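Each of the next two complexes has subunit A plus one more chain, namely subunit B in the first and subunit C in the second.
Up next, the complex of A and B:
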């Protein structure tokens, strides 16, 4: 019953958050120096042409009215027209959302596939060689910038070994997955460093917990204690850690899509900023903000499902 | 008396050079309840962890003695064989039921876990057995309660559930480490009554560890008093409580409210001084710095446990005959 209410009412509580984000996005974009119309027309733009286009996109109106147009367009769902591409932003986003979603999902999946076994290995051999190696590697992973790591992976796997494409995005599904391996790996290496360290620490705590001792007293082997009691209990905090990192993850896709020339939302955002394409920047930023809020909402529900003590 | 179910001889538990349990011996008969009493740090918890071979870290180990259960010496058994006996021959109940149950697993599944492991029962049969066990430990509406998680149980119900977990595979021996310390007094009495009832119904032998002589007095047949890693006195409960032979036992009894110590309005007597820590054991009798009867012999020679008036005492100057 409580949970049902949460699922129903929590989105309403998020409404003020989204309004705040829309104001912040709007204000930030306007505060970037430069004028979209001048950037669009270049040096050959006559004052008349500039004025015409400003009027066409409503840029000559007062700021508060521009904000209301923005909100109106958001509520309408189509988010207005891009100044540069001259098409509705919804269409623009629809074309580019798939690579970004695939990149995020692939990175999370890959980082879990790396972090769970590595943390298990380290926690169960605490103080041993494996533990030291895992900690060394994960600490280095924390320190490496994503763009540099991406370039290194391209040099190694694409140029020297010729295993994966250097950049871009494929046509067929298999081809796309092939293109996504290196970018996903780049993000996953950094993300799994954080996950591994946290998972290792919670596994060690759970291995020494009273309830693990009680499970041993029931005659469970170390492997059974680990699988049945230690692992489920230490995965619960990882759900929240992933949710907290979703903002960072989206930030990373922006960089990684540029490094690997993936035609996703991140790349669209970067280009729109350079072109001062106000409405596109606002639209994509709002989508990223909504995604972050939604992911945290889902994580709250997932935590409650995994841990019966959690009250929503 | 028939042959004891469990015989402990000269059991020694050490952390590196330090002896936490220093050569203790006791027997446990079928259906008998043995109380292990002592202050915190006297080694009683380490002794019972050693019986299960579940010592808290790799640094702490059984370094001597034998733990005889049937034909097996638990002190020398390979880990794989020991694991088969845990839960199956020896069950254990812990002090804090809240932290010793898995918070994200249903109570019924935790009880069923041992049954599936030791008895090879399938999911359905193990679940039915778990519900039956919950009923046996006095949980009302067990079929519904089995689906609950530990946080949905009260403290006393959690301890009942933990007893059900420990008894799931019908062990002959239950080791109960301070099973009522974390509970309030009324619930405490209920749990002790449950242990007595289970002893009657199953012929269960129980090692009950407690610092509380009141708890021991209500339940046990025999008592072993531990001080600084050694048993200083053991024998029948009534003998020991009525007329202790060891000065430490006498001191413990006097510290109990309502015993023969200071009456209403008077401060409770205490035993002066602190128990020694494992690294700084005094020479001779370990109790001598706090003992009103200590002599030169006590300072030099460790008293050996010897039979006296139907019990075993380790003291140079036991409280025999004369009135102290």
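Up next, the complex of A and C:
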């Protein structure tokens, strides 16, 4: 029964964090130096317009009441309008979210495709040449700046080998996938460095576990033991590690979308900072924070359902 | 320099090869940064259109950029800024996080609850996104980067030290210090902290890698160090426009980041072995 109680009560722990996120983003935009209305309206703001907006948004009321208006609007899905694009921020986000989701999904998939064979190779030849090589590569992978790695991949694969487009995002599905290969590979190379180190360690632990011993005693070959017992068990902590790293992953998409000119949420965020489109910065930051919290939440629930030992 | 001052690092380097190699790499960059005016063959800012975009040659081993500036000299001068980023970007979060974490863990109760809730909220945001949002409010620039780094980075140090303080709080030597009538400030910073800090010091070395990469990335995006200052992230961004014709403009500053980052990683690994701390 206990794990179902976990599944029921874990969402309640989300509430204070979500309230905290809303306070933080509210405080962020309220701490813009100068008059927020003047800043939000930009140089076009006439004194009448400023006075009207001030009253319309209740900016002449106490701060705590302003916060409640802000939350009320949020619950209605209203985050304000972008001064650059002149549309509701949620609509703007909806238009921009697909490339970012595709980038995250592609990077995770590619990094697993890289990390699982590498970690397997290292764990099964522990202490050997392959193990040392894999560890060396994964240690140096942690220190590679993603934006530079992306440019190096462009020089190699786009300019010299002419295999992939230099930048941008295509029209058709096939074209888009073609455009996403290099950006995904860039993030995956860095991510797989973290995953490989972790996966190797858990595989080594699993290889020495009682159940691996028992499987060997039943007469299973080393390959069968690995596929049936070691691999599935060591993948569980890796999935959790991916969830823990979702914040880092989102940060990487922000940078990589700028490198490859992909019209996603990250590029929207960076452009909004330059354009002083503060409500867009606020909205995108809030969406990214909620995504991070949600992914960690789902990972916790999934672990609880898969592993009856997990408690609140 | 006296011979004696070199003996300790050399001995440590022999016993802990990772630490020695890391110390060598970081030390080399430090020396290059300190003596940049003497080591760099050309002025890092001065433009000369007649020698723009020259490929690597004996006169310009790393080539020249689109303004005719020597890339090697700019990489050497860039070490000053990037080492400063790694140092200040670690030290502010380290100090703030360590003080808050110690106070929070020692007193517990309401203080602890409040700090931990703030920490949860900071951790809910993706690190870089929250930093960029703060920089958006403060305006682009290196000072904004340091402030944003301090506001976001302290949580890791606070969590690390708090966990240690919670373990040590009930230790005999703390009880003894209390029974001697020492005040909480003296107990926290003279008794608890020296025994709890080792893990944070090791972490700060691997944190330097992340801070360096973040600082370069923020500058690459145009929100940190501003041109014409020679900084590695800025240089990579400047080279991106010429990537089809002048590969050296992006490649060399990037390699500088990679080597310095690797140096810090090795230092962290070695220091962890030395102090017996595993992450």
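By definition in this document, the second predicted complex is superposed on the first by the 251 of 312 C-alpha atoms of A that agree within 3 Å, B and C clash if a C-alpha of one lies under 4 Å from a C-alpha of the other, contacts with A are read in each partner's own complex, and residues count from 1 in each chain.
FYI, a residue touches a chain if its C-beta (ideal position, glycine included) is under 8 Å from a C-beta of that chain, and two chains touch if they have at least 3 such contacts.
All figures in this text were calculated on a predicted structure; none of them were measured in a lab.
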item	value
When subunit B and subunit C are modelled together on subunit A, clash or fit	fit
Partner touching more residues of subunit A, whether subunit B or subunit C	C
First, second, both or neither for A:292, with subunit B first and subunit C second	second
Partner chain in contact with A:210 - subunit B first, subunit C second, else both or neither	first
Superposed arrangement, angle subtended at the Cα centre of subunit A by subunit B and subunit C, nearest 10 degrees	90
Which superposed partner A:236 touches (first subunit B, second subunit C, both, neither)	first
Partner chain in contact with A:224 - subunit B first, subunit C second, else both or neither	first
CA minimum distance (subunit B, subunit C), superposed complexes, angstrom	25
Contacts on subunit A seen with subunit B and repeated with subunit C across the two complexes	none
List of subunit A residues in touch with subunit B within their complex	209-211, 213-221, 224, 228-229, 232-233, 236, 306-309
Residues of subunit B defined as touching subunit A within the complex	52, 54, 56, 83-88, 91-92, 94, 96, 99-105, 113-114, 117-118, 149, 151-152, 162, 165-166, 168-169
Subunit A-facing residues of subunit C, complex	117-118, 120-130, 132-137, 140, 209, 213, 216-217, 220-223, 233, 236, 239-240, 243-244, 247, 250-251, 253-254, 257-258, 261-262, 264-265, 269
Of subunit A, residues touching subunit C in the complex	16-17, 20-21, 23-25, 28-29, 31-33, 139-140, 142-149, 151-152, 154-155, 159, 166, 246-252, 254-255, 258-259, 269-270, 272-274, 276, 278, 281-282, 284-285, 288-289, 292-293
